[in-house]
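Before I ask anything, let me first share the structure, which is written out below as structure tokens.
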Amino acid sequence: MEQAQNMGAYHVDLGHTFEGPMDLLVHLVKKNEIDIYDIPIALITRQYLEYLNFMKALNIDVAGDFLVMAATLAHIKSRMLLPGKQEEQEEAEDPRMEIVRPLAEYLQLKDAAQDLAGRPQLDRDVFVRAQSDGDASPREGEQDLMQVSLFELIDAFQKIIKQKSPKDFLNLTLDTISVKSRISQIADILEKRGSITFEELFDKEAGKSEIIVTFLAILEMVKSQVIRIMQHASSGIIRIFNG
Amino acid sequence: MDNLKAIVESLLFVADTPLTIDKIRSILKLKDRKAIENALTTLTEEYETQKRGFFLSKVSGGYQFRTRPEFAEWIRQMKRHKPVRLSRPAMETLAIVAYKQPVLRSDIEHLRGVDCGGTLRTLLERGLIRVLGRRDLPGRPMVYGTTKRFLEVFELKDLTDLPTLKELQDMQQSWPNDST
Amino acid sequence: MDNLKAIVESLLFVADTPLTIDKIRSILKLKDRKAIENALTTLTEEYETQKRGFFLSKVSGGYQFRTRPEFAEWIRQMKRHKPVRLSRPAMETLAIVAYKQPVLRSDIEHLRGVDCGGTLRTLLERGLIRVLGRRDLPGRPMVYGTTKRFLEVFELKDLTDLPTLKELQDMQQSWPNDST
């Protein structure tokens, strides 16, 4: 009986590789028709490990995620076996909850994915009219709307990075982008007002990192000669001007 | 305006994205919102009762003509292209973004138990999801959400048009064998 | 075949060129030429008598839906509001300005390997980039950066919403089985 069940697992799994440990767990739960709120942990752990061994036997690399889940299952199993004192058991949560919660949530979202996949899908089930490119090209209208997504911008940029050596972009971290963002803000202010005092750029509420970012932005703007910095001879006030 | 219904119909026919009532109003320079609403309602009903080859769908906050799903096979035949399908992992990732947005990549990966960089990229590429911003956490991770295009592709009026997770669970319980 | 008329209508709706009877026959794998002719005639009459926003026109040996000439003004009005797209070169130039700002034209051209005068002008005209200043170098070259409009168009709260190089590289590692 046990043997037959194990064999079954192998046969079903042959045509199917599991994307991750959750995927495999769901398969085992469904195959055994288990209530996920009352998982026979010994059975599931054994079948789970059997599958991993099977993968190894086929020389298929088993990803680390699978091993982490195996360890979790084994740990839960051992905790279930531990004879706890009566009052402790009442207090303590069922060790299985550690996997039940994520499993329940994952199953819920799998249902959501299935529901989504079942909806009429554009260009699969329903179609809209083809756009003939021969249509009059849009003139430079007053509104001039633009239809672009951030992804297209990122995609264009990735192509450039691929062609060029990435060293041209080595310093592209969140910190440097923050500095660029600050430069843009300062440029906005200067466009509007023409000049600003040094102090005004440093918000009194600003945290340490904001102060550093503002300072680096000013340095970079001076370096690329986008701004000029002047100090008043008598008052000592430092003012920043458009370059 | 005479033949308002026919004019609206011609605009819907030519438009390449769902048309909102406001958009129609601004094109026709028409104050009367109600008149446009009426025209749209009448059109919807006419296409429905006359069993035409396409229908007026209320999608992504606007209106758009779409062919009837039951004719999909013939249209695919004409277009001679294989239907674009999302893989199961991509669909799961998309569902998580749709239901949990704004959501972090790490949240998605935690839920699915696997790396999702590739599926996220596919979904970004298809214009189904987008970067909403960054979360104020160490490393300032990016948060993702769905796009207007997502609503269009899955024929949703808006995000509330999605069944809630609770509703899905109830549905699931009525057909226990229906899950694969 | 049931609802032949509606099926033909849906094909005509989606087709991007006039459809001939032979073409429809081959799509529907239908021998009966007469039946298709009848469907087309009925459709033509229906659209005529119902005064719809578009009509079935017999053009260059085939059939095609076209909007009524008397509504041309409104349709032009709508097209005038049609969003414009950015060309690939413009997108590349914009990406470099966004990521490398404050940046010189010569730096952009070094990265793209081509002259960028034209695309820079387009981007300036569209209000996506601006001249931040002039560098104290021979010829006083201009230094470019992005604008507020840029943030609006790309739905960014600020520039820090742009992905970093590391995030870009993470996204590039698409899973081979996820090409869908």
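A, B and C are the chain letters, set down in written order, and residue numbers restart from 1 in every chain.
By our rule, contacts are C-beta pairs under 8 Å (C-beta built on N, C-alpha and C of every residue); 3 or more make two chains touch, one makes a residue touch a chain.
Note that this is a predicted model, so its numbers are computed, not measured.
When every chain is represented by the mean of its C-alpha atoms, the one lying closest to the mean of all protein C-alpha atoms is B. Distances between chain centres, each the mean of the C-alpha atoms, put A farthest from chain C.
Averaging Cα coordinates per chain places chain A and chain B 22 Å apart. The distance from the centre of chain A to the centre of chain C, with each centre set as the mean of the Cα atoms, comes to 28 Å. Chain B and chain C have Cα centroids lying 18 Å from one another. Taken residue by residue, chain A touches two or more other chains at 127-129, 131, 149-150, 154, 174, whereas all remaining positions touch fewer.
In chain B, the positions touching at least two other chains are 13, 16, 65, 67-68, 75, 79, 84-86, 89, 124, 130-131, 140. Those residues of chain C that touch chain A in the shared complex are 10, 13-16, 76, 79-86, 88, 91-92, 94-96, 98-99, 101-102, 104, 111-113, 126, 130, 132-136, 143, 145-146, 148, 153-156, 158-160, 162-166, 168, 171-172.
By the touch criterion given at the top, residues 127-132, 135-136, 138-139, 141, 143-150, 152-154, 156-161, 163-164, 166, 168-170, 172-174, 177-178, 180-181, 183-185, 187-188, 191, 220-221, 224-227, 242-243 of chain A touch chain C in their complex.
The part of chain A that touches chain B in the complex is made up of residues 19-23, 30, 63, 65, 69, 102, 105-106, 108-117, 119-129, 131, 149-151, 154-155, 174.
Partner chain B is touched in their complex by these residues of chain C: 3, 5-15, 27-28, 51-54, 65, 67-68, 71, 74-75, 77-79, 81-82, 155-157, 160-161, 163, 167, 170-175, 177-180. Residues 13, 16, 57, 64-69, 72, 75, 79, 83-86, 88-89, 91-92, 94-96, 98-99, 110-114, 124-125, 127, 130-131, 139-140, 147, 152-156, 162-163, 165, 168-169, 171-172, 179-180 of chain B are the ones touching chain A in the complex.
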